[in-house]
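Just so it is clear, A, B and C label the chains in written order, and each chain counts residues from 1 on its own.
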Amino acid sequence: MILTRWRNMTTQERRDAKTGYLALSPWMVGFAVFFAFPILATFYFSLTQWTLVDPPVWVGLANYARMFTRDPLFLSSLKATTLFVVLSLPLKLVLGLMLALLLNLKIPGMNVFRTVFFIPAVISGVAVSLMWIWFLNPDTGVVNTLLHYVGVQGPYWFWDKDWALPSVAIMSIWKVGGAAIIYLAGLQNIPAHLYEAAEIDGAGKWRRFWRITLPLLTPTLFFQLIIELIDAFKIFTEAFVITKGGPLKATYFFLYYFYEEAFRNFNMGYASALALFLLVVIMGCTVLVYRTSGRWVYYEN
Amino acid sequence: MKHLIGRRALVLVSLLLLLLGSVGGAGAQDPVTITWWTLASAESPEPAIRAVVEAFEAEHPNIKVDVTIMAESAYGDLMNTTIGAGEGAPDIAYFWETPWLPHTLDITDRLEADPDLSRDDYFEEYFNNWAVYNGRVVGLPFTVGANFVMYNKDVFDEAGVDYPTADWTPWEYIEIATALTDPDKRRWGGDRPRGPFRAIWRNIGATKPYSDDSATVEGYINGPDAVAAYTWLWDLVDSGATPTPADIEVLGTEGTGPVDLFIAGRLGMATLNNGHMITAANAGVNFGVVPEPHVPDNERFVHAWALRASIWAGTEHPDEAYEFLSFWAGPEGQRINMEIGALMPSLPAVLEDYPDAEADYFQGFMGVLNATQTAEWRATHPCWRGAVIRAVSDAWDLIMLGEIERDEVQATLDAMVEPGQAALDECVPRLGG
Amino acid sequence: MRTDAAAQLKRSNNWRRAKKLIGYAIVYAFMVCLACVFMLPIFWMASTSLKLPQDIFAWPPEWLPSTPQWDNYAEAFSKYPLARYMLNSAILVVANIIGALFSVPIIAYGFARFDFPFKNALFLLMLSTMMVPGHIKLIPLFWLYSRLDMIDTYWPLILPAYFGNPFFIFLMTQFIRTIPRELDDAARIDGAGAWGILYRVIIPLSRPALTVIVVFTFLWVWNDFLEPIIFLRDWDSYPISVGLAFFQGRYSVEWHLFMGATLVSIIPILVVYFFAQRHLIGGLASIGIKG
């Protein structure tokens, strides 16, 4: 099939294709070594029962059968993860863009603000988690103390079955400064002359945003959408450090389940099947977004 | 072609090197290098680890110890990775997960033949529960750990409440905690257990979440004693005398209790361990130590543990590895750690010389050490931590969150039979029980 | 007439300036409030790092310690070789940045500018590498690096960067796609080949994206904890992320030391970012070419 396609191409097209493949070659090598091998190994493990300690025992599709027919934890982790994606993804996309637009204002001292808003993205793991446990502590935390002053009894946040998931979402939104930087870079490739022309035509700020900024930012938006989608599905650290998946499985995210199965329950075969399932789910969502992108993403050509 | 000469030279050189290498090997002068992974902590800090290596190498010039000191947070991941990959595991390390145990070297005979060390040198229960697995000696217990209740004397004095004594009951614990609680100061009387089937469960009479043969949870997870223990937990939560998990789980790491809140004077009593005890003593807290409450007619249990120091079954130098293991986890190594760090040795003869041995709290701790351990099934049952506790955690969460009524405890536990049984049935054939 | 017009112009200029100032004031006020919220953790970490351990969890909380314990910082840095660890991290960061800057533009250029069979499939395949949990790859990769005799070296932490990080490739691809092809054509007319266009047109115009790559590489490598733990063995070779983890003991965390050390450890990232961000601004927005 590839051969017939290749024969039907013009010389120029063939030269282009060769250059393209050549440009991709470093990634292809890296893919083969660092990715294809581990993923094939994972696929093999998913067809076995493997305690990590003893050699894997072939069980065929038993892990997948169990996953789809009789595993309540699989369902609750899928539910928690989906809820998290639905909750955090739109918020992160919109707030990140808003922050980037603010930081893109050409006013003096903006570089200080840009640094300040980047800080949450800089501090890693444990320090951030502790900060948030303290921040959202029901009795002594800053948020509930402030709420107390205005006469509201704040929730238990991470330890409330209804608030735990939103709390984790808030925490991830706080790191939006990292995403804002990427929007900021995207904003730089909108040619200034387009704005000038629009201003001459008397277009107001809103109009300019909807007519110029947003359409020309769609490649970046598309990037953010897919990256945040993948990221949201892979939520793990917060559950691992703070909530331990609780309470009542409210934050029992898919990757946390995977981790517990693999490294605490020593069920690497089943965990591998879970990991591959997640890969397929994210891949499905990505392909969906990718398919629609032709309709709303505006490229320069 | 022109490469030919180069290739011939290469072959010659490598042959020469090979010859040299074999001659060097025949001399047997080269010391054997063994690899050792360990963790830096307050009990066993980096200088103490270095001192152990130095002292050992001075005594054994023919053995070199290549030590890797690592942070605890990812130690389990690393061990799982190397064991799973089938290579790269160290000769000596902590093998604290039960499923790792098949990969440890059986040292029963070596220990018996050892003129300098015997299993009788260790605290008996710690040795039996943590170093023996399926009848074979799989390691040596390094340090001892135990849970007990630490009480802040200043908080008791301020509230005018008598100090607790060793014969207190779980229900008295709730009463005392309630008397100490002062919401205005954000101060609670006591804390909550950090998991079911620890000391208080056993003291109330709930032995195990499943039967001896690991076949069934019915009648165990929801038996009358378990219901009594979970009901006690319900009462404790209901009393309002304890902080919520949100206040306690500062990091959520297993084993780390509310020591920070205790030191800050915001907890009248807390179930902590000897590591915390040293932290609190260093911070100048005026505190005492009592065993966890128990029911007068029942046997007294203590939630205790040791770190299992073992030799990897795949080691190429079992003799040298044993030499080092018996030094590090024997009297010499544990003494060095006790003197440079704050380790509590698992050998009574060494622990006697503890620098703070005269202190009240230390005496209290010694009293706790000798109770029966809850560990005898927990230490080595591979399905408790990973599978069953997770399956039945909803009951725990419902009580901790105050979501159910007191008379619903039985029904809630009954509902755990199905998921608990499913987890057990999945896990036991795989990991054993 | 003339003065009238001038006065009117001046008045409207004044009005415009006043409007601009009011706008500034509103924006600043908003930004400052928001910044305070974002800075709160830093403030709290700084305050914690200067406290005595027993005061950290006291109620009511002390916002500023009455007697700041500056010695905490000295203690943290004498307890573990943190300066050395930061240097190690810096070495890893530089090696990774070089790798990323070397590989990512070429690969992204291939995706963005050339058509070839299976391009979309390959692109999705590339994205899929981001969808797999890192933990699942540990065992196969450890096995691989072990075979290559790379355990206890920096290679496992550096090598992958030279084959292109999918996140950056995707980012760069999207960025290149917004650069008008007319610019390529103009360069081609001037005699530039495919690679000439990359180096003369694409890379100079991609400064914002390349800056993002530098900053994020810095950030990720600096904070990466799991991989160094898995692949390094030597006490002196650890990066700062591992050094910080030493403050979390088995039974308690030395919060006062941990917070201080964390604070010091993020300074290099912030400094780099502060100076790098001026390159975030630029690209097509700064040159008035026609699209």
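Keep this in mind: contacts are C-beta pairs under 8 Å (C-beta built on N, C-alpha and C of every residue); 3 or more make two chains touch, one makes a residue touch a chain.
As the structure is a prediction and not an experimental result, all values here were calculated from the model.
Student: What's the farthest chain from chain A if centres are computed as the mean of the Cα atoms?
Tutor: Result for max centroid distance from chain A is chain B.
Student: Kindly indicate the chain pair that has more C-beta pairs in contact than all others.
Tutor: A-C
Student: How many angstrom between the C-alpha centroids of chain C and chain B?
Tutor: Spacing between the chain centres: roughly 38 Å.
Student: Return the distance between the CA-based centres of chain A and chain C, expressed in whole Å.
Tutor: 16
Student: Would you mind pulling out the distance in Å between where the CA atoms of chain A average out and where those of chain B do?
Tutor: Each chain reduced to its C-alpha mean, chain A and chain B end up 36 Å apart.
Student: By the touch rule stated above, which residues of chain C touch at least two different other chains?
Tutor: Each of 59, 135, 139-140, 225, 245, 248, 255 in chain C touches at least two other chains.
Student: Hey, what residues on chain A touch two or more of the other chains?
Tutor: 52, 126, 130, 140, 262-263, 268
Student: Please list all residues of chain B that touch 2 or more other chains.
Tutor: 73, 77, 80, 84, 186, 250-251
Student: Where on chain A is chain B touching in the complex?
Tutor: 49, 51-54, 70, 72-73, 126, 129-130, 133, 136-140, 156-161, 241-244, 246-249, 260, 262-268
Student: Note which residues of chain B are touching chain A in the complex, please.
Tutor: 73, 76-77, 80, 83-84, 97, 99-100, 102-103, 186, 243-247, 249-252, 382, 385-387, 390, 393-394, 397-398, 400-401, 403, 419, 422, 427, 430-431
Student: Which residues of chain A touch chain C once you look at their complex with the stated criterion?
Tutor: Residues 2, 5-6, 13, 16-17, 19-24, 26-27, 29-31, 33-35, 37-39, 41-42, 52, 102, 105, 107, 111, 113-128, 130-131, 134-135, 140, 142, 174, 177-178, 181-182, 184-194, 216, 219-220, 222-223, 226-227, 230, 233-234, 236, 255, 258-259, 262-263, 268, 271-272, 275, 278-279, 282-283, 286-287, 290, 299-301 of chain A touch chain C in their complex.
Student: Along chain B, where are the residues that touch chain C in the complex?
Tutor: Residue positions touching the partner: 39-43, 46, 67-75, 77-78, 80-82, 84-88, 185-187, 250-251, 253, 255-257, 259-261, 263-266, 273, 275-276, 279, 283-285.
Student: Of all residues in chain C, which touch chain B in the complex?
Tutor: Where chain C meets chain B, its residues are 53-60, 80, 135, 138-140, 142-143, 146, 151, 225-226, 229-230, 233-235, 242, 245-246, 248-253, 255.
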